[in-house]
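Dropping the structures in below, format is structure tokens.
Same chain, two partners: chain A is paired with chain B first, then with chain C.
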Partner chain A sequence: MTLRLEQLARRVGKETHLYRMDLTLEPGLNVLLGPTLAGKTSLMRLMAGLDRPSEGRVLVDGTDVTSRSVRERSVAMVYQQFINYPSLTVYDNIASPLRLARLPRPEIDRKVREVAGLLHIEHLLGRLPAELSGGQQQRTAIGRALVKEADLLLLDEPLVNLDYKLREELRAELQAIFAQRRAVVVYATTEPLEALVLGGRTVVMGEGRILQTGPTLQVYHHPASTDVARIFSDPPMNMLEGTIADGRVSLGDGIAFPPCAHLAALPAGRYRFGVRANHLGIARRRPGDVEFPAEVALAEVSGSETFVHLLHDGVDLVVQEEGIHSLRLGATMSVFLAPGQLYAFDAAGALAAAPARREG
Partner chain B sequence: MSRSRIVVIVWYVFLLLPLYWLFNMSLKTNAEILSGLTLVPRNPTLANYRTIFTDPTWYSGYINSLTYVVLNTLISLSVALPAAYAFSRYRFIGDKHMFFWLLTNRMAPAAVFLLPFFQLYQTIGLFDTHIAVALAHCLFNVPLAVWILEGFMSGVPKEIDETAYIDGYGFPRFFLTIFVPLIRSGIGVTAFFCFMFSWVELLLARTLTTVNAKPIAATMTRTVSAAGMDWATLAAAGVLTIVPGALVIWFVRNYIAKGFALGRV
Partner chain C sequence: MGKTENNKAWFLVLPVFVIVAFSAIIPLITVVNYAFQDILGPQDRYWVGTEWFKEVLTDDALQEALLRQLVFSTAVLLVEIPLGIVLALGMPARGAGASAALVLMALPLLIPWNVVGTIWQIFARGDIGLAGWFINGPLGLDYNYTADSFDAWITILVMDVWHWTPLVALLCYAGLRAIPDAYYQAASIDGASRWAVFRHIELPKMRGVLLIAVLLRFMDSFTIYTEPFVVTGGGPGNATTFLSIHLAKIAVGQFDLGPAAAISIVYFLIILTLSFVFYNVMIRVGTGSSKS
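Up next is the complex of A and B:
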């Protein structure tokens, strides 16, 4: 199945939730990546048929389904909240779409057990949702969505309410499950890392617009604009204003170096340079690294990494550094920048040059 | 004995004394009631209860009351359930005003509606029927039922409805098999309030009936005869009138607490 959105827009009252957009989704995993209020949920509700677009059409394999009710579409949905039928057991919850489709009883039983096995909840089939943990409740909800074998499977931040461990575990399982399906899977998330782990294709959204679409890694390595670069980077990509002139790149306050391969081809002018937190360091990693001073504003330790927030030339920078470092706040220290990892964006914010990748 | 215990005991005495007095009287004879103060009946008798259960003018009062009360509860619930669902799930023009307007119906005293109801029922031939009283009581009970049920329904996430539609449920099936079980306690509380309001309402019930649908409370006010008041039978009738309410409260006591917690009762 191919899902096509043509000139789709949605307004509620005077507010525009989605600006006019075109999008084609093919079977496989499609990640909708964007911060909260980007319009991910609004877009998914239009895809499902829960809401009607203010403009435009939704096409399934070329057939206009815009005004077709959700009941007549082949769609399944998993919400961020754990939504199950509280009065039905896990078994009946998963079986309910099949019962409504009037499948023969033995087949229902076989499918329910198969899906329950896939999601490791076969021992919970007799329980009510209220007797389950959050992770198990969400597994039940996912089970109910999977068992239907719908052509369009929508997951709206399904793992966001789970703790870190469960999230990683379930994400890995979901990835394996999606790989075996021929459905159009749409998976909304706010986390760039989740998009990278899941792979597939990514649709980056921001403030009601689609900003970029493409294979996940390609979008990650070639963000079309500063907005995409910020959204698809955690912590958001560091941005420094600068210029290229007379065979030198200068940015921030007195950082200057000769342009390396990918920047050398750019015409002279003003640019905005972006660098991801993991390409900045507080120690020299490579001989070519450029050193510049910055003031420590905050150091957060997260697991085995430290995020150092620094101030340089009035701009906030975040450095992601392996290991645990305790730094004195307010101190001035040296930061090292890998020039080969710099992104350059032109005055309008569009990508001008991206670091060269071996894989292209 | 601690002071707090004394306070509690005094409180219970105050609370239970009228009830005890009523029960006490119902086991006495008229002669004993009028002869002076006795805390325990000298010759306890069930004759008063026997009178009520054997005399059709008495027991038909209970049957009439229960009939229109049950009818009213059923009508109120079946009207209020879809209405409350609409208020809790859909936005439409003037929804908030209409919701409030429903409640304002409860602000007028029943006497205001007495004349129109009386005249209307006389004209269309509904006078002195159970359904007449049941419908008249809907004026107060439907708004209340909508108000309470809307609170419970809004506590159910809208996503459950959507999931059901995505799964392929039609509205009637979803409503009856998925939604109603989720708000059982709300329905219990609502039924209780409808029952109670209709059970204790006297003005409309008495005015809109004469013989065939005369409620028990009306029967009780008409026991004055040439021989004087029939105190003992009246007391027995009073005890029996308390019973249905007490039974209903017993069944829904847990739900009521939930209803209060949701702030709608």
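Up next is the complex of A and C:
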């Protein structure tokens, strides 16, 4: 099926939760990426039919379903919390949507066991949700959603309440499961990494608006605006004001270099330059790297990486560096910038030039 | 690492022991003391063994009071628990209506017990009470709680329902509000009926508060004294002489402290046993709801 949202908007009282938007979703994985309060959940509720839009229409394969209740639509949903019927066993939980659909008993049994196998919870079918770990509870909830074989499968930050090991494991499994389905899968997340791992298409949302839509990697490499660039980078993309004039790029406080290929074509003027944290370094990586001074504000060790927060020309920068580095706070140090990885945004914040990529 | 051993922990639990000893154990032992002896004066006491127990347990009056008590508590639970759940389900979840409903619900709980009794004693009177007049007049029923035992029973039961159902409702209301909205959404996406939502989401999620409600209402109704004492004084005849009224008659009325102590112990053991049974049954029924 194809899900089309036409001129959809939602207001609650005087607050606008979603501004007017158009969106077409095809079968396959669609990641809804945006920070909290971006409107992801509001949008999913409209897609599901749990809420009515204030304006606009929801179309399924061209048929207007805007006023059709959630019961009459083919929808399944997985939530951030682990939602299962507390007094039913895992088996009965997974079977519940099928029983409500009055499927014959042997077919229910076959489907429940198939889904349980897919999610590796066959051995837990007799247990009650309270006797399961968080990961197992969420697997049960996902099983309940999958077993319906609904045309629209909504997952609202399903992995956020799990620890990162389980999250990685389940994410990889989900990716494989989604690949075998013909449903329109909508997966909401706040994490850019999750969008990248899952692939598919990405819809970037911010403050109740759809900011950009496209294949995930395409959006990642060509963020249409500074907002998308910030949302689709973790840590958010570093931004420095600068100019291109007289065949030189100058940004920040006295950083200047001749423009490389993708920047050379830009007309002279003021730009905002963006660079992801992993393209800044505290050591020279390539001969063409540009060196500039910055003051260490904070060094954060995360796993095998260090995030160094620096201050340059009154702007906060984050450098992502392999390995563990202990740095003296307040010290001034050299930071290396790869000019080939710079994004340029115009005065209005729209993308002017993106780094060239081999895969395009 | 070697295990450190000292006895400091005992000092930390000592205050609790002392408090429990004075509030429960010592008074209980005093009662036990009276139950096995015939005490006429400080120096004048005789060991009677289980004689008081034999006497009170074979006493028809006690057996009748116990039966009455069991019927009353059962009726209270059967009416108040479902009614409390229904009220809680009907109360608005948010907004001004919620606050108004909460205040309204809490009102009967704020009234002292003997005042509740007095209110109903007057309210239900056929001559000057609004309810009594209404039932006898416009409804045309012959109702007089001071003369008819069934009427007396109904009066006491309705009074208890009026007084204590709000407690059950408030507990259930708290339990219901703790259910995340996502459960209801998930149920509506599944296409579950209102009954299924109640049976498979609300009821299991309320199990914890319902357990408390059942225990409180059972223990409280089983020891009911003040209200029937004020309204009917245990009558007409012995129709509303519940266990505690019977006990008070023997202990304070006839000053038979030995039998009264024996009854107290039997009474205490019955409540303890039944509460234990309720607790264990309810903990096991429909297990699997969240531990919160």
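Methods note: the second predicted complex is superposed on the first by the 360 of 360 C-alpha atoms of A that agree within 3 Å, B and C clash if a C-alpha of one lies under 4 Å from a C-alpha of the other, contacts with A are read in each partner's own complex, and residues count from 1 in each chain.
Everything that follows uses one rule, which is that a contact is a pair of C-beta atoms (placed from the backbone, for glycine too) under 8 Å apart; a residue touches a chain by one contact, two chains touch by 3 or more.
The structure displayed is predicted, hence computed values, not measured ones.
Trainee: Clash or fit: how do chain B and chain C relate after the overlay on chain A?
Mentor: They clash: once the shared chain is superposed, the two partners overlap in space.
Trainee: Go through the superposed model and pick first if A:P129 touches only chain B, second if only chain C, both, or neither.
Mentor: second
Trainee: After fitting the two complexes on their shared chain A, where does chain C collide with chain B, if the options are 2-10, 38-46, 74-82 or 110-118?
Mentor: Only one listed stretch clashes with chain B, namely 74-82.
Trainee: Which chain A residues come up in both lists, the one for chain B and the one for chain C?
Mentor: Common interface on chain A, chain B vs chain C: 48, 50, 70-71, 75-77, 79, 81, 83, 85-88, 96-97, 100-101, 141, 144.
Trainee: Please output the residues of chain A touching chain B within their complex, sorted ascending.
Mentor: Within the complex, chain A contacts chain B at residues 48, 50, 69-71, 75-77, 79, 81, 83, 85-88, 96-97, 100-101, 141, 144, 148.
Trainee: Taking the complex as given, what residues does chain C use to touch chain A?
Mentor: Interface residues on the chain C side: 180, 182-183, 185-186, 188-192, 196, 199-201, 203-205, 286-291.
Trainee: For a test of understanding, state which residues of chain A touch chain C in their complex under the given definition.
Mentor: 45, 48, 50, 70-71, 75-77, 79-81, 83, 85-89, 96-97, 100-101, 128-131, 141, 144
Trainee: For a test of understanding, state which residues of chain B touch chain A in their complex under the given definition.
Mentor: Spelled out, the residues of chain B in touch with chain A are 157, 159-160, 162-170, 178, 181-182.
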